[in-house]
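Chain naming follows the written order as A, B, C, D and E, and within any one chain the residues start at number 1.
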Amino acid sequence: ATLAKGEPIKVGILFSLTGGLAVPEEDSALVMQYAIDEINEAGGINGSPIEPIIVDAKSDMNVYAQKMRELILRDRVISVFGCYTSASRKAVMPTVMSRDNLLFYPTCYEGKECSQNIVCTGPLANQHSQELIPYMVENFGKRVFFVGSNYVWPKESNKNARIWLDDAGGELLGEEYVPLGSSEFGSVLNKIRRAKPDFIFSTVVGASDIAFHRQFKQAGFNAEDMPIASLTTGEIETRAMGIEYGAGHFLSAPYFQALDNPTNKKFVDGFLGSKYGKSGVTHYNMEETYNSAYVFKAAIEKAIDENGMENVTPRLIRDAAAGVRLSADVSPEGEVWVDENNFNTWLVPKIGQCQEDGSFKIVKTADSHVEPLPYSIYPDAGTCTAQGLKLPSGSIRKDVI
Amino acid sequence: MDYSWAPLMGSLVLGLSIASIWLVAALGLTIIYGTAGVINMAHGEFIMLGAYAAYCAQAYLGTPFLLCLPISFVVVALIGLFFERVLIRYLYHRPLDTLLATWGVSLMLTQGVRMIFGSSPKYVQVPEFLSGNVSLGIMNMSSLRILIVLMTVVLIVGIWYLFYRTYFGIKIRAVTQNREMAASFGVNSERIYMCTFALGAGLAGVAGCLFSALAIVLPTMGSNYVVESFLVVVTGGGPLVGSIAASAMMGEFKSFFSYFFNSTFAQFLLFVLIVIVLRFRPNGLFANTAVRR
Amino acid sequence: MNGNIYHDKRAQWVVYIVFFVSLGLIPVMQADPFLLNQLAVFGIYGLLAMSISLCWGTGGILNLGQGIAFGMGAYGMAMTMQMQSQDPEFSPLPSFMSTNGLEQLPWFWEPFWSTGGGIFLALAVPTIFSLIFGALMFQARVSGPFFAIMSLAMLSAFYILVLDMQPYTNGANGISPRMPLEVAGYSLDPYSPAAYWLIFGLLFSLTVLAKLLNQSKFGQIVRALREDPERVRFLGYNVALYETLIYAISAFIAAVAGCCFTILIQYVSPDQFDVVFSITMVIWAAVGGRLSLIGAIIGAFLIQGSESYLGDQFLNSWHLILGFFFVIIVRFLPNGLAGLLEMLLAKRSRSSTEESPPHGRAKSPAAANAEKAGV
Amino acid sequence: MLMQMSSMSAFYGKTQILRDFSFALDEGQCVCVLGRNGVGKTTLMRSIMGLTDRTTGQIEFAGRQIGELPTHERSRCGIGYIPQGRQIFGKLSVRENILLGSFARADGQVEVPEMCTSLFPYLAENLERRAGLLSGGQQQQLAIARALAVKPKVLLLDEPTDGIQPNIVAEIGETLRMLNKELGMTLILAEQHIKVARKLSDRFLMIDNGRVVAEGDIDELTDELVDEHMTV
Amino acid sequence: MGGVLEIRDLHKSFDSHHVIQGFSMDVVEQTLSCLIGPNGAGKTTLMDLISGRLKPSSGSVRFRGDELSGLSESDIARRGVGRKFQVPAVFKELTVRENLEIAFSREVNPFRNMLKFRDKAMLAKLEEVSVLVNLENRLSIVAGLLSHGETQWLEIGMTLMQEPQLLLLDEPIAGMTEAEVDQTAKLLREVRQHSTLIVVEHDMGFVRRVADMVTVMHMGTHFAEGKIDEIEANQNVREIYLGTEEDAA
C-alpha cells in the first residue's frame, strides 16, 4: 500500500452489515462514512481524498478473517476501521499482524492485548467501571449481582468490576452468564429473585441485552428498587427494547447523545441531518468510531509530514498515532488522546441514567481523564509498550493477543 | 446455594414456561411436518415475519398488541401460502429437497426483511398489564409468560378441535394417512396441503408476535427458535401429542439443568439427552410405525 | 444412453486430469500472495464440498453437521500451532487460559506439544467421534431428514460446548496462534505457493481416492443403500457399518479441511461450528451436483468465488441472490450443474444416435441413470 | 351409456399396464372384470379414478369427459371406489370414514346415510370405533359403506371378497346383488372367483396382459375361456 | 424327517393383532416347498420372520441347527438365506449389471470391498446368472427401465448371485407372461439342484408345476401340508382357499 499525492487513500471499513451483530456495527459503518465525507469535504488528507472500501462481515468470524485478507492483500488498503466483538478482533488480528497493517478498533473491550498493529478509541475495562461501581454502591447499596453474556469481554469486565466493588466495600451475590444471543432469562431472573441484590451489573450484549431488560421488568422488578448498571445499554438498545424497559437504568460510557457541548451538537445535528443518519440516534460506539477517523487523519498527516507521502506505511501511521490528541472541538465527548505506549485512549467516563423519553441524563462525570490500562488486573503479565509487551523479566514479546 | 424445594418449584414453573415457548414455536412446524412430511427450514423466518407483521401493524396502524396476534397469523399464513404455491408443492415427494429448498427460502426472507426494514431491532409495545408479574406465593411468573402459556393452550385446543372435530380435520387426517384414497373420496389433497401449510405458517406468525414482546425483533431472530422447534418435532415424532410431550420434557429438563449448571451447559446437556432418546426411539417418542412392504 | 459420454469412465478421468493439472499450474503463472491464499482457501471449501458429496451424494446421508468434523480438525490444528508458539519452560500456558483462571495446562492439551501428535489428534478425534455418533444413529436406523436434523442438533451442541468451555477453548474469541505452522523447522507461510501446493495436493489426492472409493465395490454398495437400505441388508451387508464408514470417511476429509483452514487463516472460533456454514457446504454440493465429486468442488468454487467478487457490488442482496439461486437449483436441477451437464450430454448422444426414449414422462433415462459411475 | 373408455393406456412409471383398452357400460349393469393375477384389473380401476402415473385415451362418464380431471373431481362425478385391500383409514373412526365418503357427494351434504346403517348394522353400532381395529370382513363392509356414502352412480369394486371368510363372502355377494338389482346401481366388479362373478354380473370383461381378450354377456363366459385366461 | 429349516410354534402379533399363531413347519433339503393361503394369512409375515425383518413374538426358527430369530437381516443373509420381495425390490437407479454385482455378497467386509474393483469369481457368477435369468443382453440398462417381468427376474437373479442355501421367493411370477412363467418354472427346478426353496404363490398352475411339497397357511396357522394332489383334494383347503364347485351354483 503506497500513497501518491492526489490519489485516493484507500481504507477498509469492516463491519457486519447483516446478521446478529449488525445492530451496533451497521451504525458504526455509517458514521465512519459520514466522518470520511466530512474529512474529504474539508480537503481530504494532504489533498488526497479518503476512499472507503466497505465490506460486510456478516456477523461471521470466518468472514471477518476472509474479508480482512481481501482488504489488505487484494485492495491494498492502508488501514482498516472495524470490528466490534472481541472475537472478530481476534479473528482479523493474525492477518493484520502478519501483513503489518493497521486496525482502528473503535469500541470498548477487555484489554489484555499488546499488539503493534492496532489503535483503540473506546474505553478499556478498567476505564469503564472505575466510576460506575462506586457510584452504584454509594447510591443503591452494597449487594450486587453480575449478569453477562458468556464470552471474554463480560468476564474480564466483571473481574475489573470486582476490584472496584471490593474497594467500595460491596458484596457480590452471584455471577451468571447466558449464551450469546440467547433470549431466555427465566432462570437467571429466578436466581436474582432469590439473591435480592441492591443493583445488577450487566455486561449482557446485543439482542440478549434487550431481552434481558424486557424480561427483567416483566418479571416484576423495577429500576427504582433494583437498577441495572450496564456497560452496553445505550440509546440504540433502549429504543429497541422500548423506553419503558430502559428508563431508570444506568450506563457507563465516555459519550452520550445528550452531552451538552457545541462539538457534540454539531456532530449530532450534522450526522442526523446527513444521508447516513437514518437511525436517528448517536451512540457511544458511533462516536468512538467517528473519533477513530480523526485519529487516523491526525496520524497519517503526521506520518506524511515526517516521511513523505510515498513512504507512508501502516506501521508509520501507527507510530505516528502515539500521543495523538483530539481536542474538544473535534471530539464530541471532549478531549481525548491516544496513549503513547499501549495505543488505547485516555478518556473521561461518564454515567448516564436513562430517562422517560429515552435520552440519558449525565449523573456523574469522572473528575479527570482515566488512563487506559490493558493489563490492570494482570500486573504480573508486564506492561504494554509501543514495541511490545514488556515482561517482568525485562524481555519484550511482540504481537501479544 | 439453597436447594430447598421452593426454588425447585420455581424451576418447574419456569420449565413449563420454556416448554410453552418452544411448543408454540414448534406448533406450525409440527402440523406441516405431521401432515405433509415437509421439513420447513424457513419456519424460523415465518416466526420472524410474524414479529414484523406485529411491528408493522402497531407502527403504521396503531393496532393494540393483542389484536396483532390475528394480524400476524393472517399475514404469515398468506406468505406461507405463496411459497407453498410457487415452490413446496412441487417437492412433496422429495422430503430432503424440501428441507434444502426451504432453507433457500429462509435466506431470502431474512435478507428481504433486512432490505425493507434494516437490521436495527424493532420495538413492539405491549399493554401495561402484560409487562407485569404475577406472584403466587413462592411462584412467580411474568404475565407475558402466562399469556404465552394460555395462548399455547388455546392454540392446542384450537388445533385439536380443528383436527378432530371438524370435517376439515377429517380431511387432513385422511390425506395424511392415504393421499390417494382421500382423493378418491372427493378430498382435494392439493388444497388440503396448501391450507395446512398456510395454517402452519400462520401459527408460526402467532408465535412470532408473542416473541416480539418477549425478546427482540430482528431479521435474524428466527434462528433462535428454529433448532429447538425442530428438536421438539423430531423428538416428538410428528403428531401433536408428540410435540406436546417433547416440549414439556425439553422445557423441564432445560430449566432443571439451568438450575444446577449454567444456561449454556444446560443447553448442551439437553441436546445430548435428545440424541440418547433418539438412539432408543429413532422415529421419535410418538412415531407412527409405518408399514413398509 | 450407452452413448452418454458423461458416464464414460475414461472421459471422467480425463476431466479430472485436466481440472487438477490446470489448478496445479496456477502458482507457476500467478504469484500474487493474496490470490494464492484465496485459492487455497477455496481449495479447502472444495474439500468440504467433496466430503459432502461423498456422504450425501454417494451415501444418501444428508449431513447438516459436517462443521463438527471441520471444527474439530480446525481446533486440533490451532491447538498444535498455539503450543508451537508456547515455551515449555517460561510460558507453558496460553495466555487465554491464565485469563480464565487455569494454572496448569489441561491434560488434553498436553499431546499438542508435539506437532505430529497434534495433527494426528486433529484428524483422529473427529473421525472417531463420527464413527461413534454414526454408529449410534445408523444402528438405530435414524435416517433421512431425522438424521439431518440430529446432525444439526449435534452441531449446535458442539457450538455451545466450545463457547462454554472458555478456559479450554477461549470461548467466542477462539484461538489465534501467533505464528504460522512450522513443520520440521520449516515455517509454512499461508501466503506462499508452498501452502497452496499443500492444499492442492490434499485436494487432488483425496478427491482421487474418493473417486476410487466410489468405483470400488464399497462405493457400489453404498450407492445401492442410498436407494434402498432394506434391500442391501437382505443381501447380507451390514448397512449400519457401511453408512457409518462413509460418514466417517467424509468426516475425515472435513477434518483435513479443518486442519488446512487453520494453517491458512491462523485462527479458529466457534463459528467453525456455525449452522449456517455447515448448510453452506451442503449448498455448494447441491449447486455443483451432489452426485459428482468434482461437481461439488466446482460448486464451492463458484459460490465462494462469486461471493467474494460479486459480494461487494451486491452487498445488500447477496443472500437474496444466493437463496433464490439455491431454490431454483433444488426445484429444477436436483442433481445440480453436473446433472445439467449430464442431461445435455445425454440429449446430444441421443439425438446423434436417433435413439428415441421409451414412452413415459417420469424421469428422463439420464436422470434415472444419474450417478452410475459417480463422476 | 353411462361410461365409455376408448383406446386407453395406463402406465406406472415407464411400465405400460393397460394397452389400448376400450369398453362401454350401461346404466344399471353389473360388469365383471376377470383375469389372472397382475393382468391389470386394479390398474383399470385406478385409471378410472386417475390414480395411475399416466393415462392416455378417453374416459367418458355420464356425458362428461373425465380423463383429464384430477381424482377428487372424478369422484364427485359420482364414482364410488372400493379399492383392493380395503384401504380404509385406520386411524379415523368408523363414522369419520363414512363421512369422508360423503365429502364427494354432489349435493354437498355431509352425513352418514341411512342406507349404510341399515345395510351394515354392525357398523351402525360401532360408529365411534377406530376403523383399524375392525376385522378384515368388517373393514370390507366399511369400505363399501364409505363408497355408498358418495351416493354414486357407479361403484367400482376391486376384489371385494378378497381375503374374507367364506360366510362373509356370501353376505357381501348378497349386498351387492341387492344394490345392483333392487337399487339399480351400476357396478364394475373385479373378481378372480368365477362363481361369484357368474352369480352377480350381467356382463363380463376378460383381461389378459392389459388387453380385453373377451367380452360379452355372462352366459357367454365359457369354461374354455376361463381355462384359457385364468389358469387355476 | 429332519430339515434345513425348522420352524417351531412361531407367534407374531402386531399390537393385539395376532398374525402368526403357533406356526410350525419343516423344510427338507433341496426341495421346493410352496406356501399358499388366502390373502392376509401371514405368508409374507412368515417370510419376514425367517429373514429377520421382523422379530417373532415367540417361537423359534432354526436354520441348519442355528437359531435365526434374534439375528439381524444381514447376518441371516450371510448364513445363506436369500429373499425375493413381494413388491420387486431392485435398485432402480443402478444398472442391471450393478444390481447383480452388488448382490454378489461373498465378501461383506467393507474394508476389503474398498479395495475391490474387479472380482473374477463375481464376473464368472454374473455371467452364469445373467444367462440363467435371461438378462445377458440387458446388463447395461438402468434397472428402472426394465419391464415388470424382467424386474422380477432381475430380483431372482440377485438372490441367485447371493448363492443362497435357502431361497425365499414371495410371489415370483406375479405379472409375468405365460412364457415367462414357464421359464421361471424351469429356472426354479434348476436352482433346486443345489438350494432349498420356499415359494409363496397364488397361481395354482405354477404351484402344481414346481412344488415338491405344498403347505397351506390360514390365519397364521399351519393348515395343511402335502403333495399338490392331496392339497387339491383336501376339502378344507378348497373351502378356505381354492373354492369349491358347489359354491358356484
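Everything that follows uses one rule, which is that contacts are C-beta pairs under 8 Å (C-beta built on N, C-alpha and C of every residue); 3 or more make two chains touch, one makes a residue touch a chain.
Since we're looking at a predicted model, the values are computed, not measured.
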| item | value |
| --- | --- |
| Set of chains whose contacts include both chain E and chain B | C, D |
| Between the pairs D-E and B-D, the one where more C-beta pairs touch | B-D |
| Chain whose Cα centroid lies at the greatest distance from that of chain E | A |
| Far-end chain from chain D, centres as C-alpha averages | A |
| Centre distance in Å when chain A and chain E are each reduced to the mean of their C-alpha atoms | 75 |
| Between chain C and chain E, centroid-to-centroid distance (C-alpha), Å | 42 |
| Distance from chain C to chain B - Cα centre to Cα centre, in angstrom | 32 |
| Euclidean distance of C-alpha centroids - chain A vs chain B, Å | 37 |
| Two or more partner chains touched - positions in chain E | 85, 144-145 |
| Residues within chain A bordering two or more other chains | 17-18, 150, 179 |
| Sequence positions of chain B contacting 2 or more other chains | 111, 114, 262, 264, 267 |
| Residues of chain D that touch chain B when the two form their complex | 49, 51, 70-72, 75-76, 81, 83, 87, 89-92, 96, 99-101, 103-105, 110, 146, 150 |
| Contact footprint of chain A on chain C as seen in their complex | 33-35, 37-38, 41, 95-96, 98-100, 160, 163-164, 166, 170-174, 176-178, 180, 190-191, 265-267, 269-272, 274, 276-277, 308, 311-312, 315-316, 318-319 |
| Of all residues in chain C, those that touch chain B in their complex | 62, 133, 136-137, 140-142, 144-146, 148-150, 152-154, 156-157, 160-161, 163-164, 230, 275, 279, 282-283, 286, 316-320, 322-327, 330-331, 334 |
| Touching residues (chain side chain E, partner chain D) in the complex | 38-40, 144-145, 147-148, 174-177, 202-206, 239-240, 242-243, 247-249 |
| Residue ranges of chain B in contact with chain A within the complex | 2, 7, 10-11, 14, 17-18, 21, 111, 114, 118-125, 130-133, 135, 140, 142-145, 211, 213-216, 218-221, 224, 255, 258-259, 262-264, 267 |
